[in-house]
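Dropping the structures in below, format is C-alpha cells.
Two complexes come next, and they have one chain in common, chain A, joined by chain B in the first and chain C in the second.
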Partner chain A sequence: MSPTAALVHKDDGYNFAYLDEQTKRMIRRSLLKALSIPGYQVPFGGREMPLAYGWGTGGIQVTASVIGPDDVLKVIDQGADDTTNAVSIRRFFQTVCDVAVTESTAEATVVQTRHRVPETPLKEGQVLVYQVPQPEPLKKIEPRETETRKMHAYAEYGAMQVTLYEDVAHFGRIAKTYDYPAVINGRHLMSPSPIPKFDNPKMEMNPAIQLFGAGREKRIYAVPPYTSVRSLDFDDHPFEVQTWKGSCALCGSTTSYLDEVITDDRGSRMFVCSDTDFCNTRQAEAAAAKAAVDKVSGEEA
Partner chain B sequence: MTTSALRKPAPRPPLLEVSGLSKSYGTQIGCRDISFAIRPGEVLGIVGESGSGKSTLLACLSGRLQPDTGSITYDMQGRGPVDILTLSEPERRRLARTDWGIVHQNPRDGLRLDVSAGGNIGERPMAIGARHYGDIRSEAQDWLKKVEIDLSRTDDKPRTFSGGMQQRLQIARNLVTRPRLVFMDEPTGGLDVSVQARLLDLLRGLVRELGIAAIIVTHDLAVVRLLADRLMVMQRGRVIEEGLTDQVLDDPHHPYTQLLVSSVLQV
Partner chain C sequence: MAYVAVKGGEQAILNTHKLISETRRGNPDLAELSLAQISEQFGLAVDRVMTEGSVYDRELAALALKQAQGDAIEAIFLLRAYRTTLPRVAVSEPIDTSKMAIRRRISATFKDIPGGQVLGPTYDYTHRLLDFALAAEGLERPQAELAAEPLDETVPRVIDLLNSEGLIEEEIDENDGEVFDLTREPTTFPARRDQRLQNLARGDEGFVLGLAYSTTRGYGGAHPFVGELRLGEVAVEIVPEELGFPITIADVTVTECQMINQFRGSADKPPQFTRGYGLTFGHNERKAMAMSLVDRAMRARELGEDVRYPAQDAEFVLSHTDNVEGNGFVTHFKLPHYVDFQAELQLVRQLRAEHEERRRKATGSEQAKEAAE
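Showing the complex of A and B:
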C-alpha cells in the first residue's frame, strides 16, 4: 500500500490527490517508462478529470500521481501564478490533497506549468510538469498515427526538417517560435509543448525531472535530469531564441522572456516579464537594495 | 581462356531477381508464380489489362505488399544480393528512400501537396542527413531544371501545378538521391497526349543519362515501346509472354498479346 492511500479525506471521501491509488500506480508506471526512454510517448489510461480537455487534464493527472503530502506545489500559466488556469488548478490540489502551495520557483518541489519554463533555474529534486495539448510533433506532416509511430521507431525525422526548410524558403529564417521540435538524448523527436522556443535551451541538461502529460491524447513523456535536448535547425540557419530591444518595464530584466502588454487604446504598450515570480522577486530585491542604500546614505548624512 | 572471356563477356549480375512470386487476396489471385531478373540500367515494361496483377506485382516488389510466396533478391550497395523480404522493416524503408524510387500513377500519392516544390525534392536528402539549407536548395533547383520546371516555381506548392508538372516534380523528388532502381506505376496515366510525349522524352533522357534501372507498369503500349528494353505481358496474374520489347510488340505469339497489340488505335 502506498503512503498516500491512508490519506483519504474523512469528510468528502476523496482519495489523496483525487485519483485512486490504482490509477496513480498505472500513471507512475508510464512515467517510469517515459523516463527510461527520454522523449518517447508512452500511452496511458487517461482518466476523466473535473476539468475540460485542453485546460491541463494531462498535467494534473501527472501532478496528482507524483505529489505527496510533503510537497510544495507551484502552478503557472504562461509564466503567471495568478491567471485562471493556474489559480483553478492550484485550488484543486489544495482541496484534494492539502499540500502547501507557493509562488516561488525556488521553494516549490513540484511545478505544473502551461506554456513556460520558469526563469529561475531549477534544481535537482524538483519536478516540472508540462501540460501538453498535442504530443505528436509529426502530426502536421503525417496525420496517420500508425505511420508516425513507425517514423519514431525508425528515427525517420527527415520530414520534420522539411517544415523548417519551408520556413526558410518562405521567410528567410526558421519562423517557428513555440512548440519548437527537439531531439531528446540524440534519439526521439519530441514536442516540448507550446513553450516559446526561448525556453528550449533551458530544457537542455536541466537538473530537474521534466514530465509531460497530454490528457486528451492520453500520452506521457519525459526528459530525465541532465539529458541533451537539441532543437532542430540547419547548419547555415542555426537555432536562435527570441530577443527584445528593451528590458522589462517593471524589473528591468534583459534576460527574461517578455510579454507585450497593450496599456490603452492609443497604441501605448509595455514589455514585462512573463514569469511573474521572477519579476516580483527582482522588484523586491531591487527595492530592498535601494532601501539599504538609502539607509546607509541616511546614516552618513 | 582469355580469348573466350573476350568473346563472351561475363553478364553483369542482376540488380533485382524475382522468383516464384505469388500474392493472392483470399481466393482472388493477385499475381502468381512470377519470375524475372533485371540488370543495372535496364528498363523493364510490364503491360496487361486492368486487373491483370500489374499493380499487385509492383507493390510486392517495392515492399508495399507482403507476397505469399517467392523471393525478391536485390543487389544492395555494399552488401551484395539480399532477399529484401528478410530485411527488417526499417532497412526496407531506408532502401526504398535512398536506392529506390517509386513514381505513383497519381502524383498526389507521391508528393506532399502542402509543401513547396523545393521542399518536396529536399525531403529525401534531409531524410538521409542533409542539414545545410543552401546545399539542399541548390540541389533541389538543379533537379527542377532537369525536369524542366521553371525555377520561379521553387517555392510554390505542387497543388498549384498542372498534372504534367506534378508528375515531373514527383520524378525529380525520387531521382534526387540517385536511386539505382525506380518503380513506375502508370507514370503517364491521366496526362494528355502532348504532355505525355514530353514526359516520356524527359524520362527516357534521365534513365539513359543516369543509368537507372526501371520497372514500368502501364497499359499503354506506346509508353513501353518508347521506354522499355524488355517487356512482360500479364494476364490474370500470370506472365504469359516476355521478351525484347520490339520483338513482343512486332511479333506477338500469345493470343492475348496479339489481341492487345491489335487493339491499339492507329491514327
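Showing the complex of A and C:
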C-alpha cells in the first residue's frame, strides 16, 4: 500500500483509482476499524460504482482505497484471471490508475478475488481483497439486520450451530459446501464470501492482509495477518474440505481445487485446476524440467 | 476431444462493446435520435430517470436513455454512477412548494380550494385509444388556450388549511436542519423519516407502486385521501457562506403529493389526520402518490400502530426499493459460479451415493428376512 494522496491519473478526468481522496479516506478508516475488530462488519458509506452491484463493487472500492502507483494488481474470478468479470475489473483499474497487472500470485501485491483463495500461499505484505455478495453469515437464519447485529453483539451463534446440526440430522453430514461460516479470532462469526470450504483453512494464520468488501450491503470486514479462523463443526462431525479422486488433467496436481469440465454430449468430463496461475506455472515447470532432462539425456547419447 | 481452456475473455469483451453500439443504433438508414428529441418527446421517461437517478439534468438523463436504448433502469444506473463523481457544492434550502409556479394542482378532499383546482396537463381523462393519427409525422396539433388571468403567485397548500384547525398532525423537523445523505452514509435501522423519504424518492417506481397498492388491499390499513397533488416549477436556493442570504441557483420541476390518512388517536393524542408525503423530479404523479402511501405505511411504528404487513416494515421496504441494487444482485447470478457449483455437485453426488447405499442395505436385509421366513 503506497500513499496515493492527490494523485491524478494523467490520461483522464478521474482521480487516481477513480474514487476521490475523501472517499478513500473514509474507506481506509473503515478498513482500519475492520482490522482492529477481526470479522466484525463495519458499515461504510459505499459509493455507487460504474459497475453493477453484486459484480464486485465492494471489492473494487476496497482495492481502489488501498492501491498505489507502485502496486502490482491481480484480479481473479473462480480462481481464473481470464474470466470475463475478472478481465473487466482488471481493465477498470488499468484505465483509472494505470498500475502494473499480473497473473502471477507471487508477483502481485494486491489480489482482488471472487470465490477463491489462490493456491499459491500468500506472503506478508500482500493484500487479498474479497468480493462479498452477502456479508451477513446469519442472514439465512434471520433476515433482519436489527436482529443479527444483536446476535453478533452477544456472540449468540447457537442458531448457526443448530442449522449445521439440522444438516447432520437430514443428510448425515454438514451440507454446507461454500460460504462456510467461520469464527474469527475466537469472537465474530464471519462469512468468508462464497469461496469453497476447501479454501477456509487457507485463511487461518495467513501472513497476508485479508479485506472483504460488500458494496451493495455497504459493509467492510477484515482478517488481519496471523489470525485464527475456525470453521464451525462438531466433535463427531469435524470440518473437512473437498477432495477429488483424480488429479488435474493439465498439470497433475492432487492438492488443488478442481473444476469439472464437460467435454462432449456423452457425459465425458475432466477435472482441471480452478486456479489458472497455479496450473500454468506447474505446467511450465514440468515442461522446463522435461526439457532439462531431454537435454541431459541428449548430451549423454 | 481435447480440452482447450477458455481464453480470450478480453477480446470478447471488446467485441461486445462494438456489437452493443451497433445494436443500439439500429438501422443506420433511419435518422438518429438527438438528446433534445428524447428530452422533449420522451419527457416523462426523462423525468423518471432524473428522479431515480437523483440528478436533475434533462440532457444527461436523455443521454443515459439514449445510451441504454430506452431501458429506464440501465439509464438510472448510468446517471447514478456519474453522480457519484460529482463534488458537493452546497446543500440547498428546503424548497417552498407553496411558491410553486403551478401547472397542475388538484385536491380530492375539497370541491373548491383557495387558488382553485387546476387540471393542467394530464392523461387522466384521455380515453386510452391508440391515436393512429400520431403515427404520421408533422401532424398539426391543437393549441390549448391561455387563461385570461394568471394564477396567484403563492398558492397555499391544502394541507396547511387543515393545520390551522389542528385536524392534521404538524410537520416537525426532527433533525434540527441536519439532513441525512443516503448517498454518503449507510442506512441504519430504525431509519428516520429523512432516510426513508430519500430512499423512496430514489426507489423503483414499480416496486413502490406495488407496495402502495398492497396497503390499500388489506396488507396495511390505508384509507388515503389526496389532500393535494401539485406540479410545477420551484426555485432552488442556497446560502453561500460569504453572502449569508439565499440566492436562487435553479428552477426545477417537481411533483408533490400530500396524502391525508386516518388516525384514531390515542390516550395522549386527540383524533387527528396523519400525513404521507411524496415528491419527485419532473412530472410523475404515480410515483409521488405511491411514495406518499408507503411513507405513511412505514410510519406505523412511530404512530403506535401494529407492524403487520410488508409495506409497514421499514427494514423490508428500504432494503429492497433500489432498482440499481436489485438489478445488480439479481443479474449477478449469470456470472460464473462454477467453483461453488462444483462444490454443490460433489455434495449431491455423495449424498445420492449414500442414499443408494442405505436403500440397497435396506432391501438386502428385507430380502434376507423374507428368505428366512
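The definition used in the following text is that the second predicted complex is superposed on the first by the 294 of 301 C-alpha atoms of A that agree within 3 Å, B and C clash if a C-alpha of one lies under 4 Å from a C-alpha of the other, contacts with A are read in each partner's own complex, and residues count from 1 in each chain.
Assume contacts are C-beta pairs under 8 Å (C-beta built on N, C-alpha and C of every residue); 3 or more make two chains touch, one makes a residue touch a chain.
In this text the structure is predicted, and so the values were computed from the model without any measurement.
> Contacts for A:Val168 in the overlay, against chain B (first) and chain C (second): which applies, first, second, both or neither?
Touch status of A:Val168: first partner only.
> Regarding the shared-chain residue A:Pro137, is it in contact with chain B (first), chain C (second), both, or neither?
neither
> Quick one: name whichever of chain B and chain C touches more residues of chain A.
So, of the two partners, C touches more residues of chain A.
> Touch test for A:Ser88: chain B only (first), chain C only (second), both, or neither?
Only chain C is touched by A:Ser88; chain B is not.
> Contacts for A:Pro181 in the overlay, against chain B (first) and chain C (second): which applies, first, second, both or neither?
A:Pro181 contacts neither chain B nor chain C.
> After superposition on the shared chain, which partner residues are touched by A:Ser274: those of chain B (first), chain C (second), both, or neither?
second
> Quick check on the superposed pair: does A:Pro50 touch chain B, chain C, both, or neither? Answer first, second, both or neither.
Second partner only, chain C.
> On chain A, what residues does chain B touch that chain C touches as well?
none
> Would you mind writing out the residues of chain C in touch with chain A in their complex?
Where chain C meets chain A, its residues are 1, 3, 5-10, 12-13, 77, 80-81, 83-85, 87, 183-190, 315, 324-325, 327-332, 335-340, 342-347, 351, 354.
> Would you tell me which residues of chain B are touching chain A in their complex?
Per the touch definition, chain B meets chain A at residues 89-90, 93-94, 97, 112, 115-116, 118-119, 122-124, 126-128, 131-134, 136-137, 154-155.
> Contact residues on chain A for chain C in the complex?
14, 18, 20, 43-50, 52-55, 57, 77-79, 82-88, 91, 114-116, 133, 144-146, 171-173, 175, 177-179, 194-198, 216, 218-219, 242, 249-250, 257-261, 263-264, 268, 270, 272, 274, 276
> Mind listing the chain A positions that touch chain B in their complex?
Within the complex, chain A touches chain B at residues 141, 150, 153-154, 156-159, 161-162, 165-166, 168-170, 233-237.
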